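Chain lettering (A, B, C and D) follows the sequence in which the chains are written, and residue indices restart at 1 in each chain.
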Amino acid sequence: MTTIKCIGILTSGGDAPGMNAAVRAVTRCAIYNDIEVKGIYRGYKGLITGEIEQFKTQNVSNIIQRGGTILKTARCQEFRTPEGRKQAYDKLKEEGIDALVVIGGDGTLTGARIFAQEFNYPIVGLPGTIDNDLFGTDVTIGYDTALNTIMECVDKIRDTATSHDRLFFIEVMGRDAGFLALNGAVAAGAEAAIIPEIAMEKDQLAETIESGFRKSKNSSIVLVAESEVTGGAMGVAERVKREYPSFDVRVTILGHLQRGGSPTAQDRILASRMGIAAIDALLDDQRNVMIGIQNDQIVYVPFSKAIKNDKPINRDLLDAVRILSL
Amino acid sequence: MTTIKCIGILTSGGDAPGMNAAVRAVTRCAIYNDIEVKGIYRGYKGLITGEIEQFKTQNVSNIIQRGGTILKTARCQEFRTPEGRKQAYDKLKEEGIDALVVIGGDGTLTGARIFAQEFNYPIVGLPGTIDNDLFGTDVTIGYDTALNTIMECVDKIRDTATSHDRLFFIEVMGRDAGFLALNGAVAAGAEAAIIPEIAMEKDQLAETIESGFRKSKNSSIVLVAESEVTGGAMGVAERVKREYPSFDVRVTILGHLQRGGSPTAQDRILASRMGIAAIDALLDDQRNVMIGIQNDQIVYVPFSKAIKNDKPINRDLLDAVRILSL
Amino acid sequence: MTTIKCIGILTSGGDAPGMNAAVRAVTRCAIYNDIEVKGIYRGYKGLITGEIEQFKTQNVSNIIQRGGTILKTARCQEFRTPEGRKQAYDKLKEEGIDALVVIGGDGTLTGARIFAQEFNYPIVGLPGTIDNDLFGTDVTIGYDTALNTIMECVDKIRDTATSHDRLFFIEVMGRDAGFLALNGAVAAGAEAAIIPEIAMEKDQLAETIESGFRKSKNSSIVLVAESEVTGGAMGVAERVKREYPSFDVRVTILGHLQRGGSPTAQDRILASRMGIAAIDALLDDQRNVMIGIQNDQIVYVPFSKAIKNDKPINRDLLDAVRILSL
Amino acid sequence: MTTIKCIGILTSGGDAPGMNAAVRAVTRCAIYNDIEVKGIYRGYKGLITGEIEQFKTQNVSNIIQRGGTILKTARCQEFRTPEGRKQAYDKLKEEGIDALVVIGGDGTLTGARIFAQEFNYPIVGLPGTIDNDLFGTDVTIGYDTALNTIMECVDKIRDTATSHDRLFFIEVMGRDAGFLALNGAVAAGAEAAIIPEIAMEKDQLAETIESGFRKSKNSSIVLVAESEVTGGAMGVAERVKREYPSFDVRVTILGHLQRGGSPTAQDRILASRMGIAAIDALLDDQRNVMIGIQNDQIVYVPFSKAIKNDKPINRDLLDAVRILSL
């Protein structure tokens, strides 16, 4: 075990609200433990190109409430090659960085895992993704904020005048995971959620829609996860228009606004706790683990476990959507 | 001049935040002046079918802050026919309603104008539309809220990580008028607004985009008014993708969420003042006028004038968008 | 075991965001299971006076997003007397109500417990209080919303110009429990939290404040739980002004605005799940239990256990506040 | 007339949302016109001490949406002395700053006026204050945001359960001007506003309160401007408690949270237009004027006129509060 005197911190992949709160916590907790901190910009890309800056406690002042990430993120093809990773390793040596804290989703942790193995280099990961699709943690940084953003948008749509037979399809993020669509539907009181985990046959969609109107509701709101499996809101809308030409179908695509916004209290507290835990883990000689939270307790999850496993959705919520849109 | 003992109130067309505040003000100010109030549901449709209810002051309690309209709105083909309007007139007589206050946009006021002429019936209109496209009033009820909603959405999109050459096209409402897109672009600090009033040639769009990137900005945000003239965000995005295949183009369609949400202070105050003014106007024997606000003063605008004229946008704001996105 | 054909539902005590979502879920899940629902207004008071109304699914339409409670709440001295409770029991019999679902905090559940024992009457409770001070559930309905409301207020205060030696004391709710003050301080990045669980000696307060200024921060924000133990924000401010006359001390008392606002996604989902669970529990012949959530699983907590035990705060968060305000 | 090659910009006094949008607009419009920009920190204080930094267009990126002011503000006793102002003047010469744009309220413009006369130095002022108490402009930067903040807080308070005879007194800013309290009361549907412009006799307050309860409202909300004239919310509450011991009186003091928050669309557009106008004015050889907006047109207001005159409130709104709380 080598003593860690200096850590690097980076955010990578799609950004998520709360990443700044995590950067702040990692930075301040490191400094509190007399560890130097270097901020690495634009993820693995900036690690290779050397976009690196010394971070003092002031660098992370007044950022806990801000969306996005002050460290920026970027995709990085080079880091997928052995040559790119070698360059990154050399840069870390050159900068005197003894360990890395990386914040991001599946792709970020996969990169971290390969790099850590290749160079026997200590890395701790924080789960930062609005999709909540990492195994080993009950919740990821950014998920709660995105969920609230979606809910507030749906609330506004429900405000508008209710005309008969009007069907709103609202596309939310979640390429492989229906957490946002399903929980968003419960939170917003929507009539249905179409998610990648459940292949919805044409008949089921029809049943959902028709039963909605049988209940003599004025209008129905359906959340659709943006996914090849679901076809997205546009795809579903096309299908419905073909089957029910009389329906007045409207589509809203929330897009990247789901990634933004000031983080919620839950995301900030989660990010703060996880940021402190990352430093604790490094001091405890833990490495190549993702910090997770399970039953409100901090846990260490090996990268391989966090990445490879699918996190199941709570199927009771599907029933909840159905029962509560009665 | 006949004494007005009972008025009817209805909201019609696309709903707008602040309509409830207007309904509240009309109702309470009428009751304050010992005039009876009847709420008519679903616009002209409910007038014909008789979906009418006596309104007391409690009926409008706790609604000033709510989006949508408690009176609902609907489209109504029948009211476009002489037969339909005759039915409406008979219903008004039957219910003992001496005058109408109608809240809505261009279509609503057009209907009111025809009806008022046909039956020599007193009507006062309130301008309720998020598009701000009524002549004779500086601002319409709902516009300020929609503008803030758009701005908050764009704020969230700007939060997300800035990748090079990423172009966001955000579609906002405004079929015939660019107020929301143009003012939204100023308020959100967007790089450009594409609006129906200004036919933007392919070259100009290119110039706008390229100059944006020349300034070495990381990403650009363009607001696009949903309109046949502009082609909408999807249309513009298609054109850009063809010309600049290297750009990472993203589309967000805000859709009906722009119509919802709790009204802003400006919309509530405007609606409250206009609602009081509507009763004042009727008591003052004014009729067949829209209540407008000009230079912060209440004015009466003949229906014909409010409907027929185009309200010009402030072209200085186009310069503002260009200069401030420097 | 008697078959339950009709339930009554009431909210009582200080209201909490999410109560409406719970009322909606209980109502719809009951109707889904062919159980009749009666809404009881103003808590135990309306139960005694018979302010009771049949609830259909439409009665709870469009309320999931609304703060407060459509059933109102009230304090009720009569229910604390055997005579009052007897009247309540007679009213339940008269109305044909076979079981009660009550939503509220400590006082509400205490009343429920006494009543249930006295008359051997089936009651299920839902924990609805922003203070989060009920044992047996990780979180109560309303807590997450209040926490976010507090955080957003503190965010605004931090926005304002930072003058040297300015100290803001912000009073938040939590007469006996520091959850809101402590978690609010972490979420808002405040410099300290003064909570009833930790008697803060004058010296500690001084140390906290002085260390804050030693760090050359421009201004400090301290959250103070409204409590006799802490003395409230005004009390703390007086002490500090006496000790540090040079400080520019400002006080904000958030007051009842913490109880309001549209509930967050977490509160709505929690309330929806608990509402469904309440009906499930009654169908399962459970009674005189509070529905709790532990490790994301629904649990049944005997009233006595929920009321009598103190829920401990997470002391790690005290360290987090200290470390992160570095 | 000397050509202006370099301007300085500062914010001073109590900060107001939209100041950053103004700083951005001034900076970018100056650079657009090939004028150099220097940002001066902490108002007149930083001018004297030389806390001055060159501003490029990037310095004002991504600030339009942020509350507070990136330039900070401070009170400055030295600038009230001829010696202090001489130091400031010397610093301006030393830095090569040819003209100043100052953003603030009454005190800021008073300082600017004296300085401009003393040294025959060109200054343009922007009205930045949440109180809206500057003459010559219909509205000041920050007012609309503060008004919306107040309204949202009152909305939350109204959400909470309505108990009989409960009276909420909510203290808002406005030492000398009742704009926020009066317009806030209209926007939030409050029962009354107590403002410095109208000396409310004990009898009137009693009348207001009693008439409120006569209307059998469950609870009443009164906005009180923080002022020696009104006595503030605590003062009014004390008086009421003495007169009506049976009332359940609650006090909320919003305090500095009214100064914070992301600016509204209106404030950002106003600040952007005024910022551009400030540079236009300097290029047009205007000086020692405040930029105002009247009837949506930019105007130049001599400092003396802006400062010395009282802006009247719209008394119709007092009637509106009374009629609409029927």
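Here are some notes:
The criterion applied here is as follows: contacts are C-beta pairs under 8 Å (C-beta built on N, C-alpha and C of every residue); 3 or more make two chains touch, one makes a residue touch a chain.
No experiment lies behind these values; they were computed from the predicted model shown.
Listed by label, the chains touching subunit A and subunit C alike form an empty list. Contact with both subunit A and subunit D is made by B, C.
Centroid distances from subunit D, each centroid being the mean of CA atoms, peak for A.
Subunit C and subunit D have Cα centroids separated by 36 Å. Note on chain placement: the centre of subunit B and the centre of subunit D lie 29 Å apart, centres being C-alpha means.
Put simply, the C-alpha centre of subunit B and that of subunit C have 39 angstrom between them.
Subunit C has residues 155, 158 in contact with two or more other chains. Pairwise chain contacts present here: A-B, A-C, B-D, C-D [touch as defined]. By the touch criterion given at the top, residues 11, 14-15, 17, 66-69, 72-75, 149, 153-163, 168, 250-261 of subunit A touch subunit B in their complex.
Here subunit A touches subunit C in the complex through residues 24-25, 28-29, 31-32, 57, 62, 64-65, 138, 144, 147-148, 150-151, 155, 158, 183-184, 186-189, 215, 262, 264-266, 268-269, 272-273, 276, 295-296, 316-317, 320, 323-324, 326, going by the rule given at the top.
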